[in-house]
Each structure stands twice: as structure tokens, then as C-alpha cells.
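Take a look at the structures below.
After this come two complexes, each holding subunit A, first together with subunit B and then together with subunit C.
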Partner chain A sequence: MQPRTRTLVKIGVLVLAAGGFYLLAAHKHAQREEVRQTAVSVTPACVEKLSRYALERGEYYRSPYVVQRTGTVSTRRGYGDEDIRAIQRGCNIMDDTQGRQATDVSRERWNATRFIRGNHAACSHCHQGIGDKQDAKGNRLKGSLSIGASWVMADMYDRFTGLLLPFELRQMQCYINSSNGYKPNIADDVIRDVTAYSRFLSAALDLKIGNHYDEQGIDEIAASDTLKQGDDYVRGEALYKHKCMSCHGRQAFGLEANGRLVAPALAGPNAWNMQSRNYFYYVSTILPGFICRNMPLGQENTLTNQECRDIAYYISNLPRPAGDRQGPIVALKQQFLMTVMPPLLRLTSPDDAEKPAHGTRERVQ
Partner chain B sequence: MVPSPTTDSNARRERRRERRSRMRLKNVSLAVLSIVAFVLWVHLGSGVTVFRSDVPAEPGWERFRADYKLAYFGDDGQFVRAVQNGYNLVFHTYKYAPRFTRKVAGDQVSACSSCHTAEDLAYAFVNSDRYDRKVGRRVSFEERVQRCYAGPMDGFVPTIYDPAVRDIRLLARAVARHLQLSEGALRGGR
Partner chain C sequence: MKARALKYQAILWQHWPRLNGDLVVGLTLALVTIPQAVAFSVTLAGVPPHFGIYAAIWGVLFCALLNPSRVFHGGPNNSMSAAIGVILLPIAPPFGAEYMGYALTLGLMAGLIQLMFYAVRPLGRMLDLISEPVINGFICGIGLFLIFKSLTTFGGLPLNTEVEWPLWIAWHSFLALTEIGNMYAIEIGLITLVTCVIAQQFERLRNWAILLGIAAGTLYSQILTATVGLENTGVEQIGNLASIGFITPSLPIFRQEAMPDIIAIVPGAVTLALLGLFQTVAAMRRMSRKVGGFTDSRRAIFSDAVSNCVLPFLSSLPTCASFNRMWLVHRLGIHSRIAIAISALWVMVLVLFFAGVIAIIPMPAMAAVIILLGINMLKWEDIKPHLKNRREAVVFIGSFLSVLFLDLFEAVILGSIVAIAYAKWEQAHPNISLQGNVLKIRGNIYYGSLPVVESMYHGAIASRDKLVIDLSECYYIDHEGIRWLAAAKRAGKATFIDRRSGSDRRGVADADTADGSSREPGAVVHRRSKPDRRRRSDF
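What follows is the complex of A and B.
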């Protein structure tokens, strides 16, 4: 082949490749736009949540929750069809992040599973009640990680990262650490729709910007809030077996029954990683706080502070994935532990074999 | 006694070594001094704000800070500093965001504050992330700010992460907090 022809062929291949990428990007862009315009198939829990807060198209929005709680009507700017669809999609992502209830996961959940390693993690495991946990009387619960209350306190100084942490970046951290996954783009729909839903919740509950509410975040439990007996592995293990094992499994690797998730993993490849705030050795006050206020389901606030710290300490000593900044050696060690330990433990204590709870447990996700 | 050629050459070599060592010392001292002088100039003499960890107080800042009770908002100084930078960006845009605007001091519209008050921004913030008929999609507060830089400010679009965008959002949030606004609050109340 002549040198000139070779050059022309090279240029042609490059142009074709670049054009191919452009067309692919344009196609994906159009596909996303089409999904934004499509009616949303809302999960049953979200239907209940959003209809309770009367999310409807209109020039003004008046929250029935506020009327019921305070006897006053607060009129806010209403929502258009596009806004409602974004809120519905955000609620779906919170409630069913893995898309188990979706017919087309990639379209209906904006590929959220791309940003999560493993197949357990969902936002509503920590942010219970789809980010708005309430008791039977409609009281919002202390330390229940309400995302509406988080929105009004977003952009504030975060003592763990040392940043003025925007709401979007906080969501990214959830994907990276709590879901042991990858970072979505800040402007990705998967982030924006959850923000839209969080903002709607803050409107429905009439939360004011910059105010701290009890339901925001975790009601942290420090060692000084206990009897100062120290955090104990043995006590933690006994408590875990008694209080948590029936749902989360013998080795806390989570339980699935009949293809459905009974309870998510607290350790092992599907759990949060060692750089998550839930990891006791990174922040020792958060996991105990979560356990005390939100666990066991239906029996919240029944454990003492010391018991919560013991359970958290025990769980955090079980093998889990390394964080993404901890390097390959730690990652390899954790992979080794997660692969080798479970069969060894089963071998050494066969009496405690996991008992899957077919049809006997409430569905978590 | 006549010095032997070897002794002579040794002495010369010794002198050269000494001279070289003196030169090296002089060069190193000069380099260190230049660096120190550059750093001092940058911090104290250049007026380049990017190298400063504090934010220059523009006229009106103290009044603004007192009016919106910023000292009591946030549990650290970092938030207040960011809001102060937001204040500078909004009220002296041509001076603090020269990369993103072509406007200069004498122009009729030379800052965000030529069109918006701080309270406008607060209401815009709590009403952001909504569908915009003109644009044909949902528009975030950050995108609104970017559009202002590109349009009325006759300049260029900062990235969504840029402090020139972020700090304006923080300013809006601080004012919204002071006004006790909630999501979707309407101007004039209802």
C-alpha cells in the first residue's frame, strides 16, 4: 500500500471511530431524554408515600401532613409533570435501588446498579421509610437518617471530610463507601432525582432551610454514653446471635429467600466497605447510633447504648471489602478473608449453620 | 625553594574547589532567597487573592453579616468564609470572577447585584431544580448561575464545582436560613 493511502486509511479509521462515539453518545442522550419524558412505574411503597403527601400537578402545593400536624395550610410552589416524574424516579431509586421491582433496571433506575458492587445495597436499608421514617402516629423519629431533613442541612461543614459537603457529593459518598461502589457524575439523573425527592420531602414536612431536626442523620453513641465497660467482641457476638442473626444470617452476609432479599449483608462482599462511616474503626459512634434507633425492625430503641456498641464492634470485626483508597494489599487481604473465612467458620461451628427464613420474615427491600 | 609542579597544581585544584563550593553556596542561597521573595510577594504584594486563605472584606460585608446573622450560622468559620466569598462574587462580580465575565467596574451591569438582591437568590434557591418552560427541562440553581455568567454577565461558564458557583449557592442558603424559608417558598408568603 502506498504511504499516502495508508495515511488516508488511518485518518478514515480515526474519523469513523470518533463519529461512532459521537453517534453512540447522541443516542444515549436521546434515550435518557426519552426516559425523562416517559410515565414512571412507581413502586407500591412510593405510591403510598407520595399519595399520602398529595404530590399532584398544580400551580401550588399544600402538604396534608402539615395541615394534619399543625392545623395550618402552607402554600408552596406546585409541581409540573416533569418535576413529578423526577420525584417519582427519585423515590423509586431510594426504595428499590437494585431495581428488583423494575422491568427494565437500566432505564427505570438510571443504571444505579452500575455504581454499586454486590446485589444487596439499597438506600432504604439505612434511610428507612424511603428516607422518611415515622411511627404509627406520624411522628418523625430521632436519628432515622431522614433525607428531607438532610437536604435542609446540606452544604454544611462535614467533620469527616473537612469539606463544605454539598448534598450531591454526600450521595456520591454513599455509592462509593456504603454501597462499596463507584462514583456517579454530580449531574447524573441518578443523583438529581434523589435530590428532587429529598427536596419534595422537605416541602411535604415543611422543614426550614438550615435548621437541625432530630430525624436528620444519626443519633451518635459515643463510648461516654455507655457504662464504660469497653466495646466487647464476645458480648457483641452473643447479642448478634440473639438479636440479629435470624434476619442477617450466621456470618452477617445477609439472607436471600425465594430470590428476594430478606435482610442485607452487614459483612462480606455485599456490605459497606472499610471507608464507610458505618465502619466502627473509622467512626465508632455512627453504627451504634444506627442500631439503637433503627434496629431490630419493629423493636427500635429496645437495645441499650452499650449493647449497640458491642454489636457494632462485633460486626465491624467481620471481613468486609476494603475502601477504594486503601490500596491493593488491604483489598487483597480483605478478599482473602471474605473468601476463606466463611467455609472455615462453617467447618468449625456447624451447629450454628445459617437457617434461611423462607417466607417467615418481612421483606426489607 | 622552588615549588614542584605537582604541589602547584594541587594548590590550584584546592583553590578551584574552594571557589566552586563558595559559588554553590551563593547559588543555593540565591535560589532560596528568590523562592522566599516570590512567596512573600505573592502573599503580600501581588494582590492575587487565589493564594490567600482569608477572604478580603469588601464594603458592606460587615453590615450583611450582621443583617443575616451569619456569625451564628454553621458551626465553623469555613461556612462563613464561603458565604463571604459568595458575597464578594455577587456584589463585586467583575472583581472576583474575572475569568467568567467580561464586565468591568464602569459597566451598568457589572455584578449579580445589578439585577438580584441576596433575598432574590434565596428564593431562587428554594425554587430551583424545577421545570423551566423556556429551557425545556428542569434547571438547577447551579445551572441558573452558569447561565447568568454566560448571558447577562457576558462571559464564560464555570464548572458546576467551581467556587464561583458553589459559594453563591451557599450565600443563597445562608440567606434562606435567615428568612426561614422552606422548599418552594413563595415570595410575599401565602
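What follows is the complex of A and C.
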């Protein structure tokens, strides 16, 4: 081939490749725009939550919750159709991150599952009540990880890294907990829609920017909050069997029934990883704080601080995935443990493994 | 006076074509270095941009003066910058005064450790154990890594802060680019990339290719800004560097109360020092071979060490070789330290006088240039020779994959260990053949290979009364090997032959005579007529 012809062919191939890539990007962008313009199929829990807070199109927004709680009317800027769709999508992602209730997961949950390891984890497992947990009287609960309260503390300093983290990067921390090796870009719709929902919650609950509320984050429990008996694996195991096993299973691998997730995994391939702040050896105060304030369901605040730390200590000793930055060797080791430990445990304590604690069957059915 | 002026003018005219080339290459290098310097310091090291800019000025200048290699380009380095961020994150919050002080202390400690590698010769010699397949695997891995890492900037997306496995990043970055990338940024990036590659196809435009690409990308970005508005395009630009001065003196922290933290970062300083030296030695050897030259690695160690001892006093990040910029120097075809020194001066001039012009260069255009550099580092003609030999292929692929799955430092260590282990394994398995009653040994007889040799010998001697051991292609025999051969000779069942040519034998004899050494039976004779210093036994 002549040098000039070769050059022309090279240039032609390059222009074709660049053009092809551009067309692919344009096509994907059009698809995304279509998703954003389409009416949202909202989950039943989100329908209840959003209608309770009277989310509808209008120039002004007045929260019925505020009227009910304080007797005063708080008027805020209203929402357009596009805002409402973003809030609905955000609520869907919080409530049903894995798209178990969706007909087309990648479109309706905007690929949220792409970033999560396993098929259990959902935002609402930690951020209970779809990020807005209240008791029967409508009181917001301390240490319940309210995302509305989290939004009004947007751009806060992270006490672990000392970095000023915007709300989007704090959401990223959640993805690190159960990361599938890659976090969504902070410009991703998964992050934007959840931000829209969080902002709406803060408006509905009339939370003020810059204020700290008790329901924000975890009510952490340090060793100094106990009688300093020391965290104990054996006590933790006994407590787990007594208080947690009925929902989360003998080996804490979670329970599923008829395609429905009864309780999420606390260990094993579907659980949070070793770089999560839930991991006791990484941060020892967060998981105990979550357990004390949010577990067992319906009996919150019944465990002592030491009991919560013992349970957290026990759970964190069970095999779970390695974090992204721990490298392939640790990942392989954890994979090996997750494969080998369950049958070994079944062999060594067959009674426990085969007979779920009382109550499990009832819950599953 | 006039005559002298005319003389200088004549000299200038005489060297103008060369100087012109150096100026263009220097400008190209400077334009590529500035955004890298800003990005490395802010996004990786957690320090203000002037740290990277001063590394691009003083680091490059010191290396150009101290390192005799004609293609060596120092300055800010991505893996060193990332290492600084990782080491200092638990010590102090980034961008704070203390953090910056510790960053300077860390750089100085790394420089002093590198100086130790220069002073203690065996330590420096250890760096030479990095073989060419390791280096090429390393380069290809980094090339791919650069492409992956630039994808998000290419698409105008914010960088994610966490470091994950690059192959996984690549795929998801690509998906993110197509789904949520900024279309304006993608257009700018593609225009820059296509312009660069088209210009590279023409000999006369080759040196200008990257500059033309950046100019095309910037021009299109400016057209977009004028028609659509910067607030609507949302395309990130390099930003104004006008606050950066000629020089900013600084002092590393060495206060009494900071000592616990300083002691805590000593292992990090060792890692940083080795990371720099490995890259410098590997890159310099690779690129020197490319241009047909040779530079003693000790000179490079000295250059890095001295630079890194001085740079912490100039508010600068530490320096080491940059694979991608050295590749660019090579691609541009001018191998001269003057061009590299000029690039540092260009950075200074651009930052001091043209900060406003640099400010409008769009980041997607810079990402496109880095992607192009990454593509250029993946050369099939460099990879192919390593795949023909099994040992080299294992080492090359191991090193290449390590860069992608581990970090750069671990990749070099692992690649070198695999290379050494494989070489030792091969040496321990000499090629031994038995034809009739002749046992021919090709390879080395030493403590590692003796079990293999002995096994064959005893197998052969069991069925034969007499055995001839042919040592013609035996390269090396250690003392243990000599003792075994002597024992075999005493047993009386084996005789030894050596079918080397007459000239070989004379060479050995001449060398012995020249040494004036006596030759005793069983003594090891060193052949000096060949450079590989083979040892042979004389029986």
C-alpha cells in the first residue's frame, strides 16, 4: 500500500472510530433523557411517604407534617414536574435500590445495582423509613440516619479524613460500604435523584440548613459509653442467636422468601465489606450505635450499650467481602473464607444451622 | 563590540534550526506538563497547585542539569503524588499548613534516602535487577492506566476520589462517559484527539501535533463559550495561575512536637524514595536504549536524590522520571537536554506571563493528549519480542497485569521477583542429553542444578561401565560443582571432555599466562577473552 493511501486509511479509521463513539454517546444520552422525562412508577412505600408529605406540582410547597406538628404553615418554593419525577426516582432508589419491585431495573433504578455488591443491600436498610424513620406519634428518632437531616448538614467536615465533603461525596461513602469495585460518578443520576429526595424531606420536615438534629447520622457508642467489660465474641454470639438470628439467619447471611428480602445479610457475599464504616475493626462505634437505636425492629433502644458492642464485634468477625482498596489478595482470602466457612459451620454445629430460631418460619411465611 | 555581536548572530543563525526545534519541543512539553502538575498536586497529593508547578520548573531544570540522559524528563509524577496523599492523609487534613509542611518533610526524607542509595553502591545496584520485560510490562500497564484515568476528565465528569482496580474503573468510566458525560466536553476531547493524530501523520507537522490538537480543542471550547456560554457548557478549564510567583521558599517541618508524626511517615518516605528511583532507573534504561544511548543509573539516582533534597525548600513536589513525558520527548524526535531545560523555562514564562491564556485551555483537551500518550506507550513492536520467549512472556505479562491489579510499586517488586525467580529456575535446570555413553550438559553446574545433573548421571552410570561427560557447553561451575566433578572423576567411571575450539583453549591459556598464575589440577579458570566471564573447569 502506498504511504499516502496508508495515511488516508489511518485517518479514515480514526475519524470513523471517533464518529462512532460520538454517536454512541449521543444515543445513550437520548436514552437517559427519555428516562428522565417518563412518568415514574413509584413503589408502594414511596407512594405512602410522598402523599403523606403532599408532594405535588405547584408554585409553593406547604408541608402537612409541619402544620400537624406545630400548627403553623411553612411555605417553601414549590416543585415542577421534573423536580417531582427526580424526587420520586430518589425515593424509589432509597426504598428499593436493587429494583426488586421494578419491571426494568436499569431504567427505573438508573443502574444503582451496578455499583452494589450482592443482591441484598438497599439504602433503607440503614436509612430506615426510607430515610425518615418516625415513631407512631410522628416523632423523629435519634440516631436513625435521617437523610433529610443529613441534607441540611450538607458539605460537612468528615471527622475521619478531615475533608470537607459535599452531600454527594457523603452518599459515595454509602456506596463504599457495599461497593462493587466502582462508585458512581458524583454527577450520576443515582446521586442527583437521591439528593433531590433528601432536599424534599428536609423541606417536608421543615429542617433548617446548618442545624444539627438528633436523627441525623448514628448515635455512636464508644467503649467509654459502656462499663468497660471489653467487647466479647462469645457474649456477642449468644446475644446474636437470641436477638438477631430469627431474622438474619444462623450465619447472618440474611433471609429471602418468595423473591422477597425478609432481612438483609450481615455477613457473607451480600453484606457490607471490610472497608465499610459498619465494619467494627475499621470504626468500632458506628455499628453498635446503629444496633442500639434501630434493632431489633419494634424493640429499639432495648439493648444495653455493651450488648450492642458485643453483637457488632461478633458480626464483624464473620466472613465478608474485602474492600476495594485492600487489593486482590485480601479479596481472594475473603472469598475463600466466605466459601469455606458456611459448610464448616454447618458441620460443627448442625443443630443451629438446620433449625432456625423460633419466629423465623412465621416471618418468612 | 559590533564584531562580537555579529559573531554571536552568526552562531545563532548556525544553530537556529536546532534551537527552533528545541523551543517547539520545550513548549509542547511545557503545555503537557502544566495541567499534569496542577492535577497531580491538587487531586492526588492534596497540596495547592503551585507545588506541582514548581516541580515542573525546578524539578525538571535540576534533572536536566544533573542527569546526563538526553531523554530524561523529571518533574511531577502521578504515582509519587498519589503516594504523598495516601501517606499523609492519616497525619493531617489536606491543603492545611501542617499538611504542606509534612509533605515537604516527606519529600526531603525521600531525597535523603535516595542519597543513601547513591552512597551505598550495592543498594543502588539492586535497582538494576529490573529487567527489560519488567520495564516494558510496566510501561504498557501505565499506558493503559493513563487512558483509563483520563476517561472521566475527557467526558467532563468530576473525578471520583477513591482508587479502585483500574480495569473495573475503565469499563465503568466508559459507561459513565457515554451515559452522563458532558457532550460539549466529549466534542472538545474528540476534536483534540483527531487533530493530534491527523497532524502526527504528516512529517512536517509531527512536532506540532500536540500543540495543534490543544489549539483546536481550545478554539472549539472558546466558540462554545461565545455561543452557548460557559455556564451552560460546564466545561472545566485549567484556571488562573496568576498568583504563582518566580520562587517561593519553604521549610520542611522538623519541630520537636512534630517528631511522632515524622517518625510515623518514615516508612512512607522509604516507599516514596523507592517508587521514584524504580521509575527513574526503569524509564531511563528503557528510553536510553530506544535512542541508542546509555546512561549509568547511578547518575540518575544522584540527580533524583539531589533534586529531591533541594525541592522541599522551593515549595515543590518531589521529582522522578515521567514515562509519559519521556515518551513524548522520544516521539517528538529531539533528544536533547537543552529542549528539556527549555521546557522548564517555558513553564516559568507561561505561568508568569501567560497565566490568562493557559487558564482557558479546557481540561478535556488535556485529557485527550494524555490518552494519546497512553496509546503511544502501547507499542506492538516493543511487546512482540517478549512474547516469543516463554520466560520473558511470563515476566512481561506478570508485570503488566500487576500494574493493572496492584499499585505501581508492588508491580515493580513483583515483576523483578518473578524475573529473578524465573532466571534462577532456568539456571537450575540445565539441558542434559544422553547419547550413547556421552552425557552432554548445556547450562550451569552449581548447587541449584546439581540435583538434576546428579540424577541424570547416576541414571546413566547404572547401565553403563564408562561415561563421557561433555562440558563443552557448560557456562559456569561453582565450587560445589567442582567438588562433585572431582568426586565423579575419583570414582573412575567418568571421563570429561571439552570440545571447545582451539582458539578458545588458547584464549584460556593466554589469559592464564598473562596473569602469571599457576594452573593446578581441578582449579577454576576464568576466561577473560569474552565479556561474559564464563568459568570453566580444567581437568
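By our rule, the second predicted complex is superposed on the first by the 335 of 365 C-alpha atoms of A that agree within 3 Å, B and C clash if a C-alpha of one lies under 4 Å from a C-alpha of the other, contacts with A are read in each partner's own complex, and residues count from 1 in each chain.
The rule is simple: a residue touches a chain if its C-beta (ideal position, glycine included) is under 8 Å from a C-beta of that chain, and two chains touch if they have at least 3 such contacts.
Here the structure is a predicted model, which means the values were calculated and not measured.
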Practice prompt. Could you check whether subunit B and subunit C clash or fit when both are placed on subunit A?
Written response: clash
Practice prompt. Please indicate which partner A:Ile186 is in contact with in the superposed arrangement: first for subunit B, second for subunit C, both, or neither.
Written response: both
Worksheet item: A:Ile93 contacts which: subunit B (first), subunit C (second), both, neither?
Response: neither
Item to complete: Identify the partner contact of A:Ala203: answer first if only subunit B is touched, second if only subunit C is, both if each is, neither if none is.
Response: first
Item to complete: State whether A:Met156 touches subunit B only (first), subunit C only (second), both chains, or neither.
Response: first
Practice prompt. Once the structures are superposed on A, label A:Leu50 by its partner contacts, choosing first (subunit B), second (subunit C), both or neither.
Written response: neither
Worksheet item: Who does A:Arg32 touch here: subunit B (first), subunit C (second), both, or neither?
Response: second
Fill in: subunit C collision site on subunit B, chosen from 41-49, 113-121, 131-139 or 167-175, when both complexes are overlaid on chain A
41-49
Worksheet item: Residue overlap on subunit A between the subunit B contact set and the subunit C contact set?
Response: 186-187
Worksheet item: Within the complex, which stretch of subunit C touches subunit A?
Response: 89, 92-94, 96, 152, 157-158, 160-165, 168-169, 172, 175-181, 183, 186-187, 190, 193-194, 197-198, 201-202, 405-406
Fill in: Residues of subunit B that touch subunit A when the two form their complex
73-76, 78-79, 82, 125-127, 129-131, 137-138, 140, 160-161, 166, 169-170, 173-174, 176-177, 180-186, 190
Worksheet item: subunit C touches which residues of subunit A in the complex?
Response: 7, 10-11, 14-15, 18, 21-22, 24-26, 28-29, 31-32, 111, 114, 161-163, 169, 172, 176, 179, 181-189, 324-325, 327-328
Worksheet item: Which residues, counting only subunit A, touch subunit B once they are in their complex?
Response: 36, 60-61, 74-83, 86, 151-152, 155-157, 164, 166, 186-187, 192, 195-196, 199-200, 202-203, 206-211
